[in-house]
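In structure tokens below, several structures.
Same chain, two partners: chain A is paired with chain B first, then with chain C.
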Partner chain A sequence: MKFRVDRDVLADAVAWTARSIPARPGTIPQLAGILMVAGPDGLELSGFDYETSAHAQLPVEVADEGKALISGRLLADICRALPDRPVDVSMDGAKVSLTCGSSRFSMQTMPVEDYPALPELPPVVGSVDGDAFAAAVAQAVTAAGRDDMLPVLTGVKLEIEGATISLLATDRFRLSLRELDWRPEQNEFSANALVPAKVLGDTARSLTGGSALQVALAADGGGSDGLIGFSWTAGGSDRRTTTRLIDGSFPNVRQLFPATSETTAVVEVAALVEAVRRVSLVAGRNTPIRLTFSDAQVSLEAGNGEEAQASESLDAALDGEPITIGFNPTYLLDGLGAITGSHVHVAMTLPARPAAFAGMPGEDAEPDLQFRYLLMPLRMQG
Partner chain B sequence: MEAVRDTASVLHLDLDAFFAAVEQRDKPSLRGRPVVVGGLGPRGVVATASYEARQFGVRSAMSMMEARSRCPHAAFLAGRFDAYRRCSADVMAVLHDLSPLVEPLSLDEAYVDLSAAGQLTDLSPAVLFDVAEGLRREVSRVTGGLTASVGIGSSKLVAKIASELDKPDGVVVVIPGTERDLLRPMQVTVIPGVGPATGNRLRMLGVTTIDDLERLSVEELVRVLGQAHGRSLFALARGEDDRAVMAERESKSISVEDTFDTDLVEPALLSAIVDRHARAVCERLVGSGLSGRTVTIKVRQHDFTTNTRSTTLAGPTDRAAVVSRVARELLREIDTSAGVRLLGVGVSGLADWVQDDLFVDDEPPEEPVAAAPTPVDVAGRSTATGWVAGMDVEHDDFGPGWVWGAGLGRVTVRFETAETGVGPVRTLAADDNRLRRRPLPAPDPA
Partner chain C sequence: MRVVIARCQVDYAGKLTAHLPMATRMIMVKADGSVLVHSDGGSYKPLNWMAPPCTFTESMQPGGYVEWLVESRGGDTLRVLLEEVQSDSTYELGDDPGLQKDGVEKHLQQLLAEHPATLGDGLTLVQREYPTAIGPVDLLCRVTRAAVIVVDLDEPSAADDPIPAGEPPAGHVAVEIKRKATIDAVEQLTRYLDLLNRDPLLTPVRGVLAAQSIVPQARTLAEDRGIVCALVDYDELRGLASVEDRLF
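Showing the complex of A and B:
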């Protein structure tokens, strides 16, 4: 095996591939490796943890074909630190040698034969604009759960109906719903898939401007053998990833958005974010911030009489009954950070019922319902 | 460091045979008779014995079986904790009237810091004695005649020991400067924290009295008892106790647990008990205007090994469905196949607000207790019909009374209350639909 590769192309592809390497490979030590295959089509890099696979194909002039399995963590650390010079990689007995400028590294290899075969990419069912996908995923994953005790909620539910994908995520306390246009191969295409939020987020982050993303899905979707894949071009290499769909039924959450509201408020996002940050300084982590909407204002307060207290008021355009509602400040900031536009539209019914947030491109614009964030308030006891 | 305070400003109050005394108050036919309150199941232990029962050698923490053999003619009652709690709250309120600094140790015991009592400027022994007597009169008045023993001294240790000296119904004021003379002849076991285990180790060193203990060096004590315990005992032996009276702490957790008559194996039954405990915990949370963030289960195995598991939620809850779901998951992490003798569910990390769940309305409706596989029987507190000795009941025709005994489809009730004097006994069918449990009367709007 012998090839020369551009430093940035290699570093970017290795860093991305290494993300799907298990932190603790346990009884299968070869999963800690990145498989390098130099062949007629260039250089292929593979990482796999039996749930998620990552595969990158780099356009590389290969002098000698060959393969090697080397520690992914070490390779990623080395590539990140390399100077900006072409990188020469070759086999040197049982070791891989890597030279870049005047830096030389020699790395142990693991037996290639023991490395598992990566899953095949399922059939491509359509494609989506990379930038639009990245923006939609970044919003949708805001509400995804991180509790491994509730694996279903660590996923993003993709509901595909014709030319629209709905992305839904919830950790039981908030819910995000994002609608995304895409181009299915067949107009009538319909499918559901529960995809690990982490994989979706990693994929979205690795997309670079302008590229299109191919979506690959086993036609029936769902089920314990369900697999979703994405392929795209980024950082000078062709990439594809597959991941096992999460088994289990995602709760029916769409109907949680209230059909009507008693009070709606429009507030400037940047000012509200600043005020929430300031006032919540006196609220311990995860203790409530109370918002009172009345008289063309929203008053924020946190803390209690025994300890520190803070309050602040902002202008707000109100429609409906005055209301006081309390939120976990972190959840509130997450939602305000995820919406787009200069203003936020807040729709509320009762202090103990969820409030719906949507962005607005301007003070007098219609709310942008492509992304909606639903947040369960905190209920004061006693 | 000598005794930290130079005045006898710490008061310790201990209600005499509290649970049994409340029973005798509310059940006139039991006045002057031996009464034992405790668990009535085969594994029950004595919570409190009346002084009449103590004459037969019945003691707290003794197995109920042994208590029955020592004093077979006593009244054995299951206990009415609502009544005890109500009565205790009245007593604590009296203590709070005396000083803002009150530290309850249990339902029937508390320390009071008299130096925090604004109107008490003279802490001379004569004044303190009057204070104690006034306090005992007031306790008797608000509790309908219960007696209390009071000890006053310069530290918690001395005050607590003093309250034991003339128990029941007595007052002892220990004059500052006389503490060591008082302590020296006493058994080491009067010191709180010196139980049978520590007592045995000390006996092996030839120590039985505090005088003996005082002769040991701190190094010797640390070697035998460890750093913390050794050092604290060295100081306590000299009457050196600078622990402050801590104002009533807010409760840090709320929990419910049950010991079973027989070891339980059946997972469905254990789950049902977890559900029931979760409901009870959440009822108490809501009743106190609280919520909690950390759910803990406690499992004592057939061989007494005890496991606890806990998990912390993203936000506090007061929903039984949530606590129950988490507790069941925690239970699954523990191997219960060899049998469980105790199961508890608790919530800590208390807050006064709740992060509700978006799906709360979707939770399956909570099953009524009756749908669970007879957990009431399992808890060893009841017959099939639910009549438990000591329970307050009310009959449409005969009025209020209490369950004297139950079994074989019958229930025997004595129809009397604290106000009526001794009343008649009647035996009824256990399913007599005119008979029902009698809740505590609403508290006085005082």
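Showing the complex of A and C:
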């Protein structure tokens, strides 16, 4: 094995591949490695933890074909620190030697034969604009659960119906729903997939420069194989990743959005975020920040008389009955951070019923319902 | 518990020999006969010790030293020579309640008291630790309407099964809570039920054995006696604690 590769292309591809290497490979030490294959199509890098696979193909001029399995963690650390020069990689007995400028590294290899085969990419079912996908996923994962006790809720549900993908995530306290346009291969395509939120988020973050993303899904959408794959081009390499879908049925949460609301309010997002940050400083863990909407204003309050208290008022355009409602400040900030636009549209019914948040491009614009965030209020003492 | 702080020299002879030169240490003589020699370090681990059963003899040695001779049945000896005793105190500690690895059982009681409906529709709590002549029952609940006792919380569909025909709809339910329900738990609950059913204001009182796991013999015996076995999911119950703040 012998090839020369651009430093940035290699470092970017290695860093991305290394993300799907298990932190603790356990009984299969080979999984801690990145498989490097130099062939007629260039250089291939693979990482796998039996759940998620990552595969990057780099356009590299290969002098000698061959393959090697080397510690992914070490390779990523080395590549990140290399000077900006072309990198020469070659096999040196049982070791891989890497030269960049005047730095030289020699790395131990692991037996290639024991490395598991990566899953095949399922059939491509359509494509989506990379930037749009990245933005949609970033919003959708806001509400995804992190508690492994409830594995179903650590996923993002993709509901594909024709030219629209709905992304749903919830941790039972809040819910995010994002609608996204895409281009299915077949017009009538319909499928459901429950994808680990972490993998989806990582994929979205590595999308750069408006490249298109191919979506690949096992034919029956989560049946026998239960595998979803994505392929795209980033950082000068072709990448594809596959991940196992989460087993189990995602709760039917769409109907949780109230059909009507008693009170709607429009508030400037940036000012509200600032105010919530300040006032919530005195709110303890799991204690609410209280929002009172009345008289074209929203007053924020937190804390209690015994320890510390804070309050602040902002202008708000109000429609409907005055209402006082309490939220977990962290969840409120998460939601306000996820919506886009200069203003937020808050639709409320009762202090004990969930409130729906949507972004607005301007004060008098229609709420942008492409992304909606539903937040359950906290009970207020007294 | 006898606690002695003294300058001492300790020699162990038997399966192995060990010598601790003269120095100030703490010696514990426990009610079970065990003797443990501790330095001011090394965490929980004694420098040397003798486990029960063993015999303890105290004698005077030439030079005014007190010698303790602790002898095991196997013939091993721990010899402690006391040069200067700084403190020698004996305390009556009484019976130890034992190590509670975690408060799961207590917490289960609290959670089920807050959410008695998870054990069956129409159950409302009367009292936690309801007193009887032979000790408190974990939970006493009132059956407000034709109750349906969830037989197995892992299978919510079981909640649809009606109570057996002929069973009176009103009355009370005594709940015994265990992490792991054994035959003993069934016997205990049977005794409570026997007493509670003599109270004309309470009767009929049915029994529910709520546990994270139920051994098969206990389940058979319980069902034979008309006691309902309910498997409870601790983690699910903990999640219920804040159910009012959740979307679903």
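Methods note: the second predicted complex is superposed on the first by the 376 of 382 C-alpha atoms of A that agree within 3 Å, B and C clash if a C-alpha of one lies under 4 Å from a C-alpha of the other, contacts with A are read in each partner's own complex, and residues count from 1 in each chain.
Rule of thumb we're sticking to: a residue touches a chain if its C-beta (ideal position, glycine included) is under 8 Å from a C-beta of that chain, and two chains touch if they have at least 3 such contacts.
Just so you know, these numbers come straight off a predicted model, no measurement behind them.
Participant: Should the superposition on chain A be reported as showing a clash between chain B and chain C, or a fit?
Facilitator: clash
Participant: Looking at A:P354, would you say it contacts chain B, chain C, both, or neither? Reply first, second, both or neither.
Facilitator: After superposing on A, A:P354 lies in contact with both chain B and chain C.
Participant: I'd like to know which partner A:T170 touches here: chain B for first, chain C for second, both or neither.
Facilitator: After superposition on chain A, A:T170 lies in contact with both partners, chain B and chain C.
Participant: Just checking: does A:D129 make contact with chain B only, chain C only, both, or neither of them? Give me first, second, both or neither.
Facilitator: neither
Participant: Please work out whether A:L378 is in contact with chain B alone, chain C alone, both, or neither, and reply first, second, both or neither.
Facilitator: So A:L378 meets both chain B and chain C here.
Participant: Give one of first, second, both or neither to describe whether A:E268 is in contact with chain B, with chain C, with both, or with none.
Facilitator: Neither: A:E268 stays clear of chain B and chain C.
Participant: Please name the chain, chain B or chain C, that touches the greater number of residues in chain A.
Facilitator: B
Participant: Please work out whether A:D12 is in contact with chain B alone, chain C alone, both, or neither, and reply first, second, both or neither.
Facilitator: Neither: A:D12 stays clear of chain B and chain C.
Participant: Which chain A residues contact chain B in one complex and chain C in the other?
Facilitator: Correct list for chain A: 149, 170, 172-175, 251, 253, 256, 328, 352, 354, 374, 376-379.
Participant: Going by the contact rule at the top, pick out the chain A residues touching chain C in the complex.
Facilitator: Against chain C, chain A makes touches at 149, 170, 172-175, 251, 253, 256, 328, 352, 354, 374, 376-379.
Participant: Contact residues on chain C for chain A in the complex?
Facilitator: 235, 239, 244-248
Participant: For the complex, give me every residue of chain A touching chain B.
Facilitator: For this pair, the touching residues of chain A are 147, 149, 170-175, 251, 253, 256, 286-288, 326, 328, 352, 354, 374, 376-382.
Participant: Quick one: in the complex, what on chain B touches chain A?
Facilitator: Residues 286, 288-291, 311, 314-315, 318, 329, 351-359, 362 of chain B touch chain A in their complex.
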